[in-house]
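By written order: A, B, C and D. Residues from 1 in each chain.
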């Protein structure tokens, strides 16, 4: 019995089962999406129906802003952390990874404990600024929550990319006459571009699909995963929920495919 | 102005703000966890209170089983996919990544559409087996949902690890007289151990914290993220919710730290 | 430990075409004697590794091809039952086993007991000079130590044939040179039939009883190191093995007519020829006493010798390896002398 | 394009201790002449790269150390304003720029216009022989092409000093040898003061006007390639540069007394000495005619010569490089002859 034949024999039926396991639920969702009262118009409604469109735009904007801010903050922090050895550095890096351990719903609570009506920020701002800052349930609160779990993901990827940078690239640029700004503009940031795209796309996809945080905070704002939940559970509009799921899935999948193309295969982190 | 001084000047205050941003919410949760009616006993209650302990055990078992099954299935499928080039292979691999694009709440709906009262499986089993199989809201349904988003994560990591294996390792073992079983037992599986630990730990941490799927499916079963949500929102037992969050966070963080130690830094995927 | 279990190897009409239609190897027939060290030498992509993999059993030859060990057809026997020892360029040591476990792996697979394994490991670490490393992990070893472990592991089960695929390429130059000598002694001690693949001609010269020079999937020449060096069959072999001056000139009854004079050769008749002269075969003498003169275009001192480039003597600049004590500088006019026996005429391209 | 803008370089009392207390370099003082090529040669960890980085401005010497270009103190001037051209072992080409953009980067930083940049790029691609590659991406280049682009980029802004850190180490042996010659011609054409770091003694011999042999953070010897090869200052230098037989014996009024006979030397008096003889300086003659005899222990044919190991002549086996045409085999008794001028006495360890 040759090696090839051996492996093939064991695995063909298994692969068939797995494929079915992955394909069936998805096909089912796609079919359900087109089989409600509206038929295939349910898919068009994602964009044509003002309420749905507003939610889609809301979600896209929130995910984009989260991604942009995460990238900016993570790049600056990553460059600093990777270049300086100082007491407490290891602790700081370990701390950055803590938020990854909490489910979105816990992150939501943290934001409530921080910026809610009984929150720390309100308690501090009242004596200092004369008013009680409460923004947990606003777009700002949601953004803060999203940043809380996005930044660590992005920072770890970017720090790894910075570590892999050939230090002689920077030295070569300096030898050629480049000052600090020119070195960053011409050499370091371009070299980090694949890491930016990969980690940015992951942050974007994660933010698009974040349910737990939205569920605890988004009482006034609508984001896609919340809308899907409401349509399915409260409105019992299963077809519309399915159509919205397919739309969300497509956007997130495209972002992840982009990330994968730039990072070489193991990227896998939606919410 | 030297390079070092330049970077230091820009970044020190920024780093301080970021550190505060990461530390404050966590400290707040830890403090809140110990400041309810029970005081610090809230932390002990996670294990001493039967209801909480049962949930903790439930969650740990579910996460462990998900991890073990994901690893087993992903290893077999990964070995097969990485070794064989066949028509439709690229499509199959792309399909495996689809589930990553869906938030947990959508995965929950998929399970309901598949194994719920109106589900595909029930519709198929009624004529075939004489009874309607409905298990969406049971432990099996939850496990199926967890597998649905765990397997792709694990498979991608393991496929990448298999791709990086030096093919001459296998050839060397064969030259020394090792048949198919011995090659796998002595060479291939041991060489994949770091990938197993890394991706298994991620799957475990993700399953521990999965909220969306649990929220849609776990009406009869209690898992930790659901319990935290219920304590916070419905029972308004904020201290207990915080204590439970800290407990969950510690377990998940330990798992992720393990994964990071075995994969070199960029691991970051809780739910 | 003079293990004389070597076999004869015969490769019969073995060609290899890959699934995508690439022809890696034209049909090759070749015999390797018991205990001989045969080296496949050639640039990358010449088919030498494919040849080795066919002998190992890692590739099947196209239909019609056969591999015989001691006249027995092993073509359809998979590598795990061919009893071949193999050393890879990457060494392919098992990182999950320590040095002793790596070396004893083939014995463990054959069900050898602990005592037998231990005594064989002790024998092999002594033979390869890695005593004291038995319990080390692979990642604690230097490149040279890994190479030795790979070799010890490959010969542990007393293979019929030892196959080495560029075993020194991953090492740096100084270590490579040292290990080359050690490997030579070890192969002669073991007496196993050995097939060695390399792209490095010094390695091939030092280790090979015979060398098979390959090019584009075909054999360019088979012969002893001296045959290959002094009597290359073609321009390709002449240029691939060491440095060579190849002079295109007219040979006229025992004299090569050149721009800078003439050279006596062992060749009668008249006609256009390609004559090869090795740089160290050219002597530098006073121009007054010489039949062939040229002008020194460059002098490069490398310690053990000086490499000169001499213009004007031949149709193209001549490379001359001169003694490191010769006083010569750029612009000097020098006389050149070559023994007729050191001039080799090349056939074909 | 004979740019004679080279400067003199003076390293004055430069030592380097790293933050963790490791002493990388003992205090070194050294002068480099205008247009000279100085090679720092030594094993890894000898401090040669630290030396280069101090001259470049990438490391600061310990206090008290100074670096002077044309007698002007540049110790506190950062690398970006020292106007040094630098070539790295990894080449450090910018992957986000094409070949022409890489070469022109220093000119762009200095605000040169497009026409000026284009003409300088055209000049440099011609000089380094990479015409036609201007619009290629870096990942489309071979190792040798990358090396040339790195060199073109480093000299684009006509640097005062050209610093090369193992620029050929990343290439394979054959290419390294070819590029060594090209690099030599190029450096002579440019006429820039050049400081070159390598661990490869052939590279150092070919390229260096002078060689600084380093060991453990200190200078072991400074001299021309011939000085270093023929008159090594120590056992370390003798063994690091090429192959060397070092004989510990008693010298008695012009005669070295050895187990296999005696050797005439240029040394009067009586005493224990360490005498160095290069393998190619030993002649093989008939034992009857010789004052020193030995037995051939091994013969290794490498094409251009045969390396013999001869036992019984000296306190340890002698390495002898003989002509490739000499008929000799293992076990032969041979006579050895060495010119007294080829025997060098070593001081110290």
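Keep this in mind: a contact is a pair of C-beta atoms (placed from the backbone, for glycine too) under 8 Å apart; a residue touches a chain by one contact, two chains touch by 3 or more.
This is a predicted model, so every value here is computed, not measured.
S.K.: How far is the middle of subunit A from the middle of subunit D, if each middle is the mean of its Cα atoms, in Å?
M.R.: 54
S.K.: Return the distance between the CA-based centres of subunit A and subunit C, expressed in whole Å.
M.R.: 56
S.K.: Subunit C to subunit D: how many Å between their CA centres?
M.R.: So the centroids are 28 Å from each other.
S.K.: Quick check: how many Å separate the C-alpha centres of subunit A and subunit B?
M.R.: 16
S.K.: List, in ascending order, every residue of subunit C touching at least 2 other chains.
M.R.: In subunit C, 78 touch at least two other chains.
S.K.: What are the residues of subunit B that contact at least two other chains?
M.R.: Correct list: 3.
S.K.: Can you tell me, using the touch rule above, whether these chains form a line, ring, star, complete graph or other shape?
M.R.: Looks like a ring, each chain touching just two neighbours.
S.K.: On the basis of the stated criterion, which chains touch which? Give every pair.
M.R.: Applying the touch rule to all chain pairs gives A-B, A-D, B-C, C-D.
S.K.: So in the complex, the part of subunit C that touches subunit D is made up of which residues?
M.R.: Those in contact with subunit D are residues 173, 181, 184, 200-202, 205-206, 225-226, 229, 241-243, 278-280, 300-305, 321, 323-325, 342.
S.K.: Considering the complex alone, what residue numbers of subunit D touch subunit A?
M.R.: Against subunit A, the touching part of subunit D is residues 56, 58, 78-81, 83-86, 88-90, 92-97, 105-106, 109-110, 153-154, 156-157, 163.
S.K.: Where on subunit B does subunit A make contact in their complex?
M.R.: Those residues of subunit B that touch subunit A are 1, 3, 6-8, 10-11, 14-15, 18-19, 21-26, 28-29, 32, 73, 76-77, 79-81, 83-84, 92, 94-107, 109-111, 113-114, 120, 147-148, 151-153, 156-157, 159-160, 163, 180, 183, 205, 209-212, 215-216, 225, 228-229, 232-233, 238, 241-242, 245, 248-253, 256-257, 260, 264-271.
S.K.: Would you pull the subunit B residues touching subunit C in the complex into a rising list?
M.R.: 166, 168-169, 171-179, 182, 186-187, 190-191, 193
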